[in-house]
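Note sheet for the following structure.
Every chain is named by a letter (A, B, C and D) in the order it is written, and numbering of its residues begins at 1.
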Amino acid sequence: MYKGITIKPPFFEIGPKAFMYGERMLQLAKAADEASAKYDVRIILTPQPSDIYLLAKETSHLLIFAQHMDPITVGRGLGSILPEAVKAAGAVGVMLNHAEKPMTTADLYKAIKRAHETGLATIVCADSIKEAEAIAHLSPNIIVVEPTELIGTGVTSDKEYVIATTSAIKRINSEIQVLQAAGIKNEQDVYNVMKAGADATGTTSGIMKAENPEEMLEKMIRAVRIAWDELH
Amino acid sequence: MYKGITIKPPFFEIGPKAFMYGERMLQLAKAADEASAKYDVRIILTPQPSDIYLLAKETSHLLIFAQHMDPITVGRGLGSILPEAVKAAGAVGVMLNHAEKPMTTADLYKAIKRAHETGLATIVCADSIKEAEAIAHLSPNIIVVEPTELIGTGVTSDKEYVIATTSAIKRINSEIQVLQAAGIKNEQDVYNVMKAGADATGTTSGIMKAENPEEMLEKMIRAVRIAWDELH
Amino acid sequence: MYKGITIKPPFFEIGPKAFMYGERMLQLAKAADEASAKYDVRIILTPQPSDIYLLAKETSHLLIFAQHMDPITVGRGLGSILPEAVKAAGAVGVMLNHAEKPMTTADLYKAIKRAHETGLATIVCADSIKEAEAIAHLSPNIIVVEPTELIGTGVTSDKEYVIATTSAIKRINSEIQVLQAAGIKNEQDVYNVMKAGADATGTTSGIMKAENPEEMLEKMIRAVRIAWDELH
Amino acid sequence: MYKGITIKPPFFEIGPKAFMYGERMLQLAKAADEASAKYDVRIILTPQPSDIYLLAKETSHLLIFAQHMDPITVGRGLGSILPEAVKAAGAVGVMLNHAEKPMTTADLYKAIKRAHETGLATIVCADSIKEAEAIAHLSPNIIVVEPTELIGTGVTSDKEYVIATTSAIKRINSEIQVLQAAGIKNEQDVYNVMKAGADATGTTSGIMKAENPEEMLEKMIRAVRIAWDELH
């Protein structure tokens, strides 16, 4: 596990995917930067690779993570994302194995090792508790759990689920942090999942599709802080 | 075909792949920028996506192309390269279908259309004359021909090959420009292929693995100009 | 182009995909075998690879094609579909580049060459007229055109479309046969597209999801014959 | 974990990949069938999918496994390998995640579940001890460990390594069986790894590239039996 950066809970991940980029992304990033400082909540932002440089340069508190990188070393690899390149542009970490960019187990293991030797923290996605346990053996810094087990059950990431996933992962490696991603649509959802005991949560569409993304972002980060303080 | 940018021959492509990035890449880009102006040779540079913004901002003559992009629209797509994002970062074009990042025919067609509607020129790679003819129907701005047909024959991209490939492509669409990639190792190779009638050539390892990349770059661009002036 | 087999029009392709297999597939294949003889219509059946051997052995008129194969030679390649293996099992051809199994342009070109040197005819799918023209340069025996251009226009593969696609392909290589796939749901659709001048058509769900697949198959093959005789 | 089949140690896997198919494969399969009975050693054979039917029909003792299958259900999926189809053709299991056909963690988990609900045992490959531990959480029947950690160290799968990998996997799920794949070239290698305590081993090139594959196969299976009897 990469030890060069410690992301103290509570933290929050904003995933712009391919929704936001360029100037509009910069505007949201600045608002996130302020909210991070104001509420003392760490914010991981995963922009398009071409936005990493500008966002890293123009913000002070945000943790800029690449959306993906390839498990390669300096050399060949046209069309790849080189770990050293995103690091040089200002990223401090990388997301891996998102459901929209799944990796083979072998590549994921290589990528985690490459990230750590390059000096990048890793946040790795898992679709189920079993996969989260599997991935825990590969020692990423953070695991994102998407409770697809709960889909269609009418149950959201409640306290039992948060405890079950967190303890399953920490039983394998207690240093891994767990981010609960659970279809967060608004500040109430954020409050609920954090109040259920999560160390972190995050969203894409909750902010990207909000009428006013900056306002929604502010409300969500505030909800993280409130829930955290009530619980700890 | 995208008409927003015209790349007048002679031109030259430098492909850093995953060899060079960050500050070192910027240094080479500045040397390329100067050589482009000095010799009046257009230079396409295809950096890592995280380097696009800085290189576009710090150079005046270079044509910055993305190494790849996905055939997607604004929205979902974590881990993707969004056309609009590389455009916003300063790219004026995109390379597609390199042998190290091959695309399905359907995706390639979609990506060319997406590039053109986003305002990005396209440079598409082909492994053989047949594939180049096929790709010509998809109307990219530039086709890169890698004469794998010649591999092992002891023949390099001589005059006959240059004429054969160029005419095969232009017979299908006379507006497509043809870049002859032929294992260019030094300025003599550049001179030879341009003297054989090519509109453009390029290299990765010829520059990336040179003892002094800036010096080799300067020699190659000068060779382009000399061969071009002798021929035209 | 592979010359070892000539598929005289009219012909019809049945694509079981992963809908049908084993004993149930054999039953339908026998019905298709009879219909092929009865109506003098060539039928291409593309079963799961594990069904090729039995279907080829138990039928006399059907043309068994693999659903896909890899562009590899005898040797390594665990999990691949070896051209020589499907040939040995009784396949006489192979489908390539279906939208559910798209291939890179380079692999498609290699696969067509491998198929032909192994003694397998090729039926290659294209999503648009432009892609069909592109693929025509790679010299498959048959091109399947799916008029996605028409989707949402309320127009099916009418006479103009059939003529436009057929002539676009034959202008590049007059020996390529064109199969019009156009959301064929019943025998009337078959009649219409054949009457519009198609050499061939085919279906997956029209037969696979029919209440009585054997009965629908019989009706469709009869419609092919009737339309063909009326037109020629 | 699928309980419908128990593969009692010692067992041995023969992986023809794309080396052998059709009649030649059948001949080897018959020799393997005899050797399995003669030495009371279970043999898993993973042929091309188009060979499954014939080999299952013509042998009595062999355990025919598919080389790969897709994590899909009956329905769409042209070019896929449907679990139900390989089962219907006679396979009793499936290999998954070989280095030549790697799977995403999510697909691997789905495929193991699909295999088990279809009635197929699973043999899953891992490149390292860490990956083997990860995969153990997904409850396959057998894990193949390829000690890439040892490559270049001059050490083969000796007793320590066999014990280390076996215990790492069984600590997570004691019902999983462990196959030690270790560049087995001849009967001596087989003897050594089995004598080191392995429950199973296997080979591709050791048999496929042998001057006389049937003879080499016989020697290897005999070596399995001798080593097993000496040890137990």
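One rule holds in what follows: a contact is a pair of C-beta atoms (placed from the backbone, for glycine too) under 8 Å apart; a residue touches a chain by one contact, two chains touch by 3 or more.
Remember, it's a predicted structure, so these values are computed and weren't measured experimentally.
Trainee: Using C-alpha centres only, name the chain that sits farthest from chain C.
Mentor: A
Trainee: Measure off the straight-line distance from the CA centroid of chain A to the CA centroid of chain D, and report it in whole Å.
Mentor: 38
Trainee: Express in whole angstrom the distance between the two chain centres, defined as the mean CA positions of chain B and chain D.
Mentor: 46
Trainee: Note the residues in chain A that touch 2 or more other chains, in rising order.
Mentor: Nothing qualifies.
Trainee: Mind listing each pair of touching chains for me?
Mentor: Contacting pairs: A-B, A-D, B-C, C-D.
Trainee: Which part of chain C faces chain D closely enough to touch in the complex?
Mentor: Against chain D, chain C makes touches at 15, 17-19, 21-23, 46, 48-54, 66-68, 72-82, 84-86, 88-89, 91, 95, 98, 100-101, 204.
Trainee: Of all residues in chain A, which touch chain D in the complex?
Mentor: The contact residues of chain A facing chain D are 97, 99, 102-109, 126-128, 130-131, 133-139.
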